[in-house]
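When the chains are written out, they are named A, B and C in that same order, and each has its own residue count from 1.
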Amino acid sequence: MIRRYLHALVVSCGMLLAIPLNQAGATEQSYRDLLDTLRDNGTLDLVQYYDLVDALDETDTSHEETEGGPGLGGRLMVDLAKYNEDEVDLGDGTELRQARLGLEGSFDSAWGYELGVEFADGDADVKDAYISYQGFERARLQIGQFKEPFGLEVLTSSGSITFMERALVSELVPGRHIGVGLATHGKGWSLAGGLFGGAFDDDSDDEGDEAWGLSARVTAAPWRKKRKTLHFGAAVSTRSPDDEREISFDTGPESNLTDVSYLDTDDIDDVDQVDRYGLEAALVLGSWSIQTEYVQAKIERREGMSELEFDGSYVYVSWLMTGESRNYRRQKGSFSGIEPDSDRGAWELALRFSEFDLNDEDVTGGAAEQVTLGLNWYANSSTRFMLNYVRVDNDEDADADGDVSGDDDPEILQFRAQIDF
Amino acid sequence: MIRRYLHALVVSCGMLLAIPLNQAGATEQSYRDLLDTLRDNGTLDLVQYYDLVDALDETDTSHEETEGGPGLGGRLMVDLAKYNEDEVDLGDGTELRQARLGLEGSFDSAWGYELGVEFADGDADVKDAYISYQGFERARLQIGQFKEPFGLEVLTSSGSITFMERALVSELVPGRHIGVGLATHGKGWSLAGGLFGGAFDDDSDDEGDEAWGLSARVTAAPWRKKRKTLHFGAAVSTRSPDDEREISFDTGPESNLTDVSYLDTDDIDDVDQVDRYGLEAALVLGSWSIQTEYVQAKIERREGMSELEFDGSYVYVSWLMTGESRNYRRQKGSFSGIEPDSDRGAWELALRFSEFDLNDEDVTGGAAEQVTLGLNWYANSSTRFMLNYVRVDNDEDADADGDVSGDDDPEILQFRAQIDF
Amino acid sequence: MIRRYLHALVVSCGMLLAIPLNQAGATEQSYRDLLDTLRDNGTLDLVQYYDLVDALDETDTSHEETEGGPGLGGRLMVDLAKYNEDEVDLGDGTELRQARLGLEGSFDSAWGYELGVEFADGDADVKDAYISYQGFERARLQIGQFKEPFGLEVLTSSGSITFMERALVSELVPGRHIGVGLATHGKGWSLAGGLFGGAFDDDSDDEGDEAWGLSARVTAAPWRKKRKTLHFGAAVSTRSPDDEREISFDTGPESNLTDVSYLDTDDIDDVDQVDRYGLEAALVLGSWSIQTEYVQAKIERREGMSELEFDGSYVYVSWLMTGESRNYRRQKGSFSGIEPDSDRGAWELALRFSEFDLNDEDVTGGAAEQVTLGLNWYANSSTRFMLNYVRVDNDEDADADGDVSGDDDPEILQFRAQIDF
């Protein structure tokens, strides 16, 4: 009879084998528990036990390889905005803020890749698109298009930032270019640097040489505690312009639906070099956090013309009312998204003050201050809903390079539904 | 003690089985049979038995979650058209009618998503792009871009419609916009409604406020029989124009390859409101079916200008010569594709009469009648080949807003190869 | 003994768990070994044994069906180019040379599909997009958009060609169009032919009839030896122009980053027909190979105008320094990529001479000769890095249709990082 049982079990194991498995995380833990139990009650001796554990660990590696196969994902953001206009029309309405598809994976422990494409505006804009080499201990080499290492909020995914849009001053941050970068990290610090050319569409009309730049960022997080993080960061970037030697900065209010760019320097000519400096700090204490950044850009022009200096900053406070804590990624020196503790989701209240000044010397690009009050509901770790109320205070020169009147101070109420998959 | 081992092993096998399955249907049944056998012969007592069955049922739930992971798919349509031209050139040739990629999935029983992108025309046009909430009993909430609930043929996927192109009058149906919708259904009825803004590319040049609209659709299917369906539906939509207060309707013949739009109202100005009404009916009797729709649009203009009224309709008969029956989706009140009964595929013969009138008061957009004879071969449930012969009868005003001569009556022969994956 | 059984079962369960959750090849072999062992030691009788083996074989079939589901992949190429300019600016810089996503699969042994989209230039260009029927023995029918059967280097994937860019003369090869094709092959030969319309974006502005063409290619590979291949091929194509009866040829140097097209015939009018002829040969001897092609295009114009004749050719030698051999795909008569023998990757040195002449009769499109020295490192079968040094020798007429000066002889140094996933 025992043999019958055994036969039945072998058959059932055979059947099990037929099952194409996907994600055995929980099951694996149960299996490890089983092995421990069988060792404890003497069914397995220690040699057998460790053989089985080792086999499991090995398959874990192969499991990682499997996970390294093309991982498909995407993100969707749907926005609604209502403008309480002051002077100019801003255009109430709806939009797909993001509609992204992406693939990432790796072939072995060494070579990996990522390719993300954004479709929301009817075009197909390639976002991250790089090959990575992880074969070094604690260092990672990337070649392709990705974000230059500069800025805390810009290096935080748009799916994980606290407010619907990044602060005004992110216009000064270099962002994505094609290049090569190296990143490393220790227990409480990260360091990244890179050499970059222009963006992938930088070269459409003109056959002059592309712009190129160098940037580097260092972060330190002295505490290694759960729900407590202290973060400091500093970044520098220097960039040579392309053969046309022009540069311009422009940005709308912290709302994407309108196309009005109040702040606009127009083309600045005869540029020799652009240097940028960034300082960051953040403190997480349980469900409370505060984050701040300052960015400055210095534009050297040809002999005889004065240097230009633009800068901006923001500071915000966030309170996760349901008790969660913001997640810090020590290896990258940036934050990832909120994971709700309960099935009812997480609620967050946040307040940001942001200022940006594009006026200097002969350039009157305008200056603005904005205050944003945000309320977020994280239905689960992939789905969130955001409500932002923004007060805009533009100065006289914030006239969209003459297209609208200055000193225009609208209010914005905007809503977002977002899902990451 | 042996029994303890066996029990431990059976439990461990149960855990293994819990591994998220892909298509473990058959295996799972075998495993349930095994559990029954082990209970019957006393190896498992009832407590053990129900523990294992419960565990299995729970993993069934997780099975659904796994299935909810990103499901990748797409569709390809390749067209060939030969025009027997009357007056103007229509341009014989070939085209990729559709080349779509899409992702859909859900995270748990509550939150899901869909994102589809169309590449056939060299751009990347986002189609369905929404977040859905299915946590209610029998109701479904959607936010994002999707089709307004209006029209039987428009709500039937382009991969499942009976002819190569939808009837002319589908130009009056609202189609996809960004908004929020709620759908519910009972045993023999469905009800859907929503509030919508403009389409995702509605806001490119102008900063006026977007258009917005409300629509609702109710369907009833009084019979619950296999191979027999009686469907009735009605829909209303009201839409406020955007700040420019313009609207226009235009459509070519029921053939996509040519760019000639015989019917064209040009811009209609000073629009206050557009109301639409739709009526639908369909009857399936075994392999025969008949389907018909009528749509009317009323355009209110500023005080003193007369109201405009455009309308159109179609009626068609389909005969599945190989004996299959059209599949009705009771929950959505629309039809899905044909599944061939045999390996040799299914054959369908269909005839449609379609008419559309864009002439009213001061607007002479033209009117047309078209007759289409269609022959479809469904090689399998994913692959089909279509041959359509279309006779076009345009009136004098069907002059593409003056670009071509009116009363132009071409014939069209067109072929499509289609695959859904 | 019972304990031994139990131990065997626990081990087998451990193995089961080890299944690399997607591709169970190795595990399945272990399981088959286990079944053999249990049969040999009497635990399983022969009936039980074959039941289990049969069950396993059946699940194998379903496994293959699963593999037929959508296979997702992509390719990324990141380029850097430095031009040692002679006369005109070529524009040093970086670019995403390719960023592709694609899906392919099949439903059963008969029907399959492929859809690939290229995003590198900000648009979404559909590449291969076809439905295939493989139900015939040794023959394959395709309908949709794919490469016309013509040319060895053009029919080799851009991810597998030996140099960063194809030779100049590939401008004369028809490339991708929408049509229907049939391919068959024997032990040492392949034959493919097709009827094609225009490319998918051929019809945007004009409603004249599309161009259409016929092409056919035959290849022979008389040897069936490992690491030794002798390949011959010949192709013909005839194409009628569209209603505008214009054709033009233009190409830049063998570098994609610059937009300068030195060779340019401008529009050639009154075209009646374009006939093309291609000859190919390749010899692989271990890690050495030589490959050459000649392509000629004859353009017949209206009565009274002389026929035009353009042609070009290339020959290259490749040496895989680490001992690998180029892989020939007998069924397609083309080459696939290099698979490194060792973990340290494969190194390849290659030299190409290329010439192309677009001068004939009244057309002075220019002529060029180019020599390319290439060094490739294949880190693994999916990842490679390429360095190309190109010397360009343009003639007086190679003036980009008057936009630049002729006799411009730049040198090019370019680098590529590439990953296929």
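Keep this in mind: a residue touches a chain if its C-beta (ideal position, glycine included) is under 8 Å from a C-beta of that chain, and two chains touch if they have at least 3 such contacts.
Because the structure is a prediction, the values reported are computed rather than measured.
J.: For chain B versus chain C, which are copies of one sequence, does the interface use mostly the same residue numbers on each side, meaning over half shared, or is it different?
T.: Mostly different residues: under half of the interface numbers shared.
J.: Between copies chain A and chain B, what's the superposition rotation on C-alpha atoms, in steps of 5 degrees?
T.: A turn of 120 degrees brings the C-alpha atoms of chain A onto chain B.
J.: What's the distance between the Cα centroids of chain B and chain C, rounded to whole Å?
T.: 36
J.: Which positions in chain B are in touch with at least two other chains?
T.: Touching at least two other chains: 2, 5, 9, 12-13, 16, 19, 22-23, 27, 72, 101, 117, 123-124.
J.: Looking at the complex, which residues from chain A come into contact with chain C?
T.: Interface residues on chain A, with respect to chain C: 2-3, 6-7, 9-11, 13-18, 20-24, 27-28, 31, 35, 38, 43-44, 48, 52, 55-56, 58-59, 62-63, 65-66, 69-70, 72, 101, 103, 105, 107-108, 110-111, 113, 115, 117, 123-126, 129-131, 143-145, 177-179, 197-198, 200-203, 206-210, 243.
J.: Which of the residues in chain B come into contact with chain C in the complex?
T.: These residues of chain B touch chain C: 2, 5, 9, 12-13, 16, 19, 22-23, 27, 72-74, 76, 78, 80, 88-96, 99, 101, 117, 119-124, 257-260, 379-380, 382-383, 417-419, 421.
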